[in-house]
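Structure first, then comments.
Each chain gets a letter, A, B, C, D, E and F, in the order it is written, and its residues are counted from 1.
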Amino acid sequence: MRPSGRAPDEMRVITIETGFTKHAEGSCLIGFGDTRVLVTASVEERVPPFLRGKGQGWVTAEYSMLPRATHTRSSREAAKGKQSGRTQEIQRLIGRSLRAVVDMQKLGERQITLDCDVIQADGGTRTASISGAWVALRIAVDKLMASGALATDPIMSKVAAVSCGIHGGTPVLDLDYIEDSAADADANFVLLEGGKIAEVQATAEGACYDEEALLRLLRLSRMGCDRIFAAQEQAVRG
Amino acid sequence: MRPSGRAPDEMRVITIETGFTKHAEGSCLIGFGDTRVLVTASVEERVPPFLRGKGQGWVTAEYSMLPRATHTRSSREAAKGKQSGRTQEIQRLIGRSLRAVVDMQKLGERQITLDCDVIQADGGTRTASISGAWVALRIAVDKLMASGALATDPIMSKVAAVSCGIHGGTPVLDLDYIEDSAADADANFVLLEGGKIAEVQATAEGACYDEEALLRLLRLSRMGCDRIFAAQEQAVRG
Amino acid sequence: MRPSGRAPDEMRVITIETGFTKHAEGSCLIGFGDTRVLVTASVEERVPPFLRGKGQGWVTAEYSMLPRATHTRSSREAAKGKQSGRTQEIQRLIGRSLRAVVDMQKLGERQITLDCDVIQADGGTRTASISGAWVALRIAVDKLMASGALATDPIMSKVAAVSCGIHGGTPVLDLDYIEDSAADADANFVLLEGGKIAEVQATAEGACYDEEALLRLLRLSRMGCDRIFAAQEQAVRG
Amino acid sequence: MRPSGRAPDEMRVITIETGFTKHAEGSCLIGFGDTRVLVTASVEERVPPFLRGKGQGWVTAEYSMLPRATHTRSSREAAKGKQSGRTQEIQRLIGRSLRAVVDMQKLGERQITLDCDVIQADGGTRTASISGAWVALRIAVDKLMASGALATDPIMSKVAAVSCGIHGGTPVLDLDYIEDSAADADANFVLLEGGKIAEVQATAEGACYDEEALLRLLRLSRMGCDRIFAAQEQAVRG
Amino acid sequence: MRPSGRAPDEMRVITIETGFTKHAEGSCLIGFGDTRVLVTASVEERVPPFLRGKGQGWVTAEYSMLPRATHTRSSREAAKGKQSGRTQEIQRLIGRSLRAVVDMQKLGERQITLDCDVIQADGGTRTASISGAWVALRIAVDKLMASGALATDPIMSKVAAVSCGIHGGTPVLDLDYIEDSAADADANFVLLEGGKIAEVQATAEGACYDEEALLRLLRLSRMGCDRIFAAQEQAVRG
Amino acid sequence: MRPSGRAPDEMRVITIETGFTKHAEGSCLIGFGDTRVLVTASVEERVPPFLRGKGQGWVTAEYSMLPRATHTRSSREAAKGKQSGRTQEIQRLIGRSLRAVVDMQKLGERQITLDCDVIQADGGTRTASISGAWVALRIAVDKLMASGALATDPIMSKVAAVSCGIHGGTPVLDLDYIEDSAADADANFVLLEGGKIAEVQATAEGACYDEEALLRLLRLSRMGCDRIFAAQEQAVRG
C-alpha cells in the first residue's frame, strides 16, 4: 500500500490554471497533487550570441524553489550567490525537453524562456515543471500566431514528464515526497504524445535495479503522461 | 484624473488569502490591485550568531521578484549570482518594519523569517510585502501560542505600509506602476495601528517637494493603512 | 544632556578641505566632527548603456568604509567579494540626492561618479558624504565650464544632508556614534538650499514616533543644513 | 559505417595506468580511445557535516576539464569563478554511481573524494571518469584494508559506465566526439558487474527515440561494460 | 635627466604623519612624493585557524587603491566582487615583509592587520605601504607594551622598501609614475636596518637586464632605505 | 647533506615529453624530479580588448594545481569560486616571463595562452611551468611558421626558470618540497639563454639574507638554467 493510499499506477490530481499572471505571454499554475509550480513563458525578440544571424530560435528554462516551498526552509539561492547543482541540472532538463518538440527554424530569431518557480513542493517538481512549461509555451506561441508574428506552428508535439520509482519493492507512478524519500529507485521520463521518448533518467537510490524494472517504470510513465496530455489539452483548448 | 480612474485618496482592492502554502508556519497571498506577493513565515528554533545565548529572538525578511512578475522579463538574481541593491534595500526595510512591532524578549530564542516573493508586480510591492508579512507573522505566532511554545504574545501592534506620491501635481494614495513611473515624488510609509510611525521614506523623483506635500502624503497614508489594518484583521480573525 | 555636551540643535564642527587629491576633477575631505569622508568626483565622457545616444548625462555614487574607519576593524568588502546591503543602500541614496540638483540635459553625454570613502567614522557618514559630494561635484563642473566643455551650469541648487534623531526622549541634531547607537529614532534629511526636500528617511529604532516628532526633526535638519550650505559656499568660493 | 571505422558494438581501446600520481591513496589514468582522464582517490578521516557522528562514510566526486582538453580552448572554471551546470551535473553523476557500490557503514566515518580531471577529451569523458574512479577507489580501499584501518571490504561490486547513441540511424557503442556531435540520441549507462543498473540517462538530441532503441542501447552498454570490467580487473589485480 | 629633474640616486620627499585616524591602534599617512598611503594597524586578540593554540601571533596585510587614486578612475574592487591579481600579490608582499621583522612567539596569540589604502598614486605604492606599515605596527606594539599586554618587544628590526628601475638606460631610485610607465626594468627591494635583505623582486619590463644592473639597483635601494629608516625613526620617536 | 642526497648545485632529473595532448597547438609534460606539469599552448586569432587594432600579439598564462597534486588534498579553486592569491601571482609571473622573449609585433594580432596544470607537486612548480611553457610555445610557433601564418620567428630567446634557496645554511639549487618547507630563503630566477635576467624573486622565509647569498643563489640558478636550456633544445629539436 502506498502512503497516500493510491494504487501503484494512480497519478495524483492534475490541475492546470492558465493565465495565472498577467504580464507573461503564457503562464500557468500546474499542480500534481500538493506540488505547485508557477510557469511563465517570456518571448524575447533576440537569441543567445551563439545563434545570432542563423535564422533560428531558442527555447530555454530556469527553475527555482521558493525558500519555503519545502517542509523546512531552505536558503535562497539569490542570497547564497549561486544556483545549486540540483537547480542547474533540473533547468537544463526542462530546457532540453521543451526544445525536443520545437522546430527552431519555424520559431524564427526569437527566444522563449520558461521560468518554473516552485510554490509548493511535494515530489515531482521537475516533471510538473516540464508538463506545465508546455502549456505556457503553447499559449505564448498561440499569441505569436494570432498576431501574425508566426505563420506556421513551430510546436511539433505535446511533451509531458512524470516520475516513477520503486517503493517498498513495487514500481509506482508519480512519487510524492514521502515515497520519493524512501524509494529504492527514482526515474523521470519525458515523453511525447504518440509514445516517443525525449529523455529517461533512472537512478538507483537504495538498491540497483534490473531491466525488467526499468521497463515496468517506462510503462507506468506512459499511463501517467497520457493523463497529463489530456490535462494539457483541456487547459489550452478548454 | 488618475490613470486608473481612482480618486486621489482611493486605495486599490486589497485581497489577502491566508494559508496559500501548506508547509510554512504562516502564509498568505496579498494583493494590492494587480500586485500580488506570496509571503511565508518560517519559524526556526535558533537565532543569528550575534544573538546567541541572549534569550531573545529575531525577525528577518527576504524579498524577491519572480523574473516575469514585471512587464518585461528581468534576469533571475540567483542566476546572476547576487541580489541587487534594490532587493537588499527592500528586504532590510521589511525586516525593520516587522521588528518594530515584535517584543524580542517575549519571542524567545527563535527566528522568524518572512519570505516575500512577488508573483506579479504593479507598483507597491514593498508595501504589500510588509502588510502581508504581518499577516503571515500573526498566523505563525498564533500557532506558537496555541502549541504552548509561547506563553505571551510578542506582537505588540499591527503594522502596515502603503505608498503615496505626487502625480501630475496631485498627492495620491497607493501608486500603481503607471503612476509610479511618472511620479514627481514617491513615498513609503510604515505605520502602526494607533498612528505611530515606524518608517518614512520620501524620495523626490522628478521634482523636490515641500513640507506641506510631505504632510499631505502622510495623511493619505493614514487613510490607506486604516484600510489595510481592517483587511489584516479580517484575514487573521476571519 | 547629550553625551558630547552639545545643545540639541547644535551641529558638530564642519570642515571641508578641497583639492585633497590631485588626480580627481573635484575632491574634498569633509568632516562632521570626527567623521571624515574623502569624496572625489570623476568625469568620464561616456554614459551608462541605458542612456546612450539620448543626449543627457548621469551622476552616480559609490560608498565604502575603510576597514579601520570604525572602532573595531570590519572586514574589507573587496576581500569578502560583495558589498553589503547597507553599502548599497547608502550609495544609492547619495546618487539620488545629487541627481536631484543636476539638470541631466545640460550636463550632456558624460557621467560624473562621486566616490565617497569613509576615512574615519563617528556617525553621519552618509550625510557627510552627500554634503561633501556636492562640493566635489561643484568643483568638477566648474572645471568643465572653465574649459568650455559646458556652456551652462547644470547644477540647479546646493544639496546637503544631516541626520537627526530622538535620543533620550529629546530630538537632537547631527548624531554622533554614541548617540546613534542609543537613539530611539534615526532620520536622514536631504535638503535643497531654499527649503525643498529631496529625501526623508526616518526610521524607528527603539520606539516608534509620532508626527510631531517627525516635524521637530525636520526643523532641526533645516538648521543643520543651513550650516552646511554656508560651509559648502565657503569651500567652493573661498 | 562509423567515422572511426568501428563496428556498431565495438568499444575503443581501453587503457588504465594505475599509480599515475604518487600522493593520492589511489590513482589511475584511464583512456577510452583518445579520451584520457586522470582520477585520484583521496581518503580523509572526516565526513561532511550532515553525516557527523552517524558512524558511516561518504564517497563524493569532482570533475573538471583542463582548458585545452578540447579542440578549442575553453575558459578555466576557476578563472570564471563558477562551475558550469554541465560540470556539476557530471560530478553528481559520478558520485552517485560510486556510492551505489559502497557500503557506507563498512567504510566507517571517512570520506573518499574522487577527482576526475580530463586531460584530453574525445567523447565519453563522464563514463571514463566513472570507470576509472572505481579503479582509484579500489586501490585506495585496498590500502585501507592492508593497513588494518578497514576490517571488511566496503566495496560491494564493480561499477562501470559507457555511452551509446543513435548515429546515422544506427545504435552504436562508445561514441567518440565526432559521433557525439551528430548523434540523434545520446545515452549513458552505469552498470554493475552482474547486470544490475545504477543509472540510465538517455537523451534525445536530434530526434526522439522509441522503446526498442532504448533497449538496443542498453544491450550495447552491457557489451561495453563487460569490456570495462575486464580492464578494471586487470588494472587492480595485475 | 629624470622627468622629475631628480638625480639618479635621489629619493622623493618622504612624509609620515602618525595618528592620522583615531580608532586604529596604530596609523600613519605616508607620502613618497605625491604617492600617499593611509596605513592602519589593527590588533585583534585572536589568530587565524591554522595558528590556534600554538602560542604565537600573526601579522597580515590588506591593500587597496581608492578608485580615483589614479589618473583615470579604476573600478572599485568591492563593486566588481573580487580583488585583482595585482592587489593580492601586493598585499601578500606587504604581509611577508612585516612578518620578516616580527618574532611571532613574543607577539603571543594575537593578530595585527595592516590595512594599506592608497589615497593617491604616483608610483611606489607598495613600497610606501611597507614602509608606512612598519610605522603603524611600531605604534600599535608600543601601545601593547605600554599597557602591559606585551612584556618584551616582538619587533626585531626596522623594515623599509623602495623601488628602483632602469629608465632611459640609467639605474634610478624611487620611480614615480611617469618613470615607472617607461622603465626597462622595475625592482622592489625590502631591506632591514643593518643591510639584510627580506625580499627582492626585479622584473624586466622592456628589456632583460644583467647582473651588474641588479647590483647597481640593490645599491641604490640601500641609499633609499637609509632615508626611509631615518624618516621612520623620526615619525615614531619624534 | 640535502634530504635527497643531491649535491648543493645538483638539479633533479629534467624530463620533457612533447605532444602529451593532441588538441593543443603545442604541449608538453615537464618533470623536475617528481614535480610534473602539463603545459599546453593555445593559439587564438584574437587579442585582448586593450590591444585590438594595434597590430601586435599577446602571450598570457594560467596556472592551476590539481586538487591531489599535493600530499593532502586541497580544495578545487573552481568549486571555491575563486583563484587564490598564490595562483594569481604565479600565473602572472609565468606570463611575464614568456612575454620577455616574444616580439609582439612579429607575433601579429593573435594570442597564445599557456595553460600550466600541475599534475604532481614536489617543489618548483612555477619554475617547471615557465620552463615547460617555453617548449609548448616554441612548438606552437613552429606550427604557425610552418603553415605560413608567421613569416619571421617572434621568439627572441630561450627562457627558463629554477628555484634556489638557503637550506640548513647552505645555498642549494632546485629545491624539492622537503627542502622548500624548511628553507630560510627561497628564490626564483627567470633567465634567458645568454645570461640576461628576466626576473628575480628572492624571499626570506625563516631568516633574512645578505648580498653575498643573493649572488651565490644567482650563480646556482645559472647552472640550473643551463641544464634546462639543454633539455628544452633536445625536446623541441629532438
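Some observations on this one:
In the analysis below, a residue touches a chain if its C-beta (ideal position, glycine included) is under 8 Å from a C-beta of that chain, and two chains touch if they have at least 3 such contacts.
Quick caveat, the model's predicted, so the values are computed rather than measured.
Both subunit B and subunit D are touched by A.
Copies subunit A and subunit B of the same chain sequence form an interface built mainly from equivalent positions, shared numbers / all numbers used being over half.
The interface of E-F is repeated, with over half of its contact pairs matching by residue number, by B-C among B-C, A-B or D-F. Farthest from subunit D in terms of Cα centroid separation is C. If you average the CA atoms of subunit A and of subunit C, the two centres end up 50 Å from each other.
Here the spacing of subunit B and subunit F, counted between their Cα centres, is 59 Å. Annotation: 33 Å between the Cα-based centres of subunit C and subunit E.
For subunit F, residues that reach two or more other chains under the stated contact definition are 81-82.
The sequence of chains round the contact ring, opened at subunit A and continued through subunit D, runs A, D, F, E, C, B. Subunit B makes touch with subunit C in their complex at residues 82, 85-86, 88-89, 91-92, 96, 100, 187, 192, 195-204, 208-211, 214-215, 218.
Here subunit B touches subunit A in the complex through residues 20-24, 27, 34, 36, 38, 40, 42, 44, 62, 64, 66-73, 76-79, 81-83, 87, 113, 115, 117, 119-121, going by the rule given at the top.
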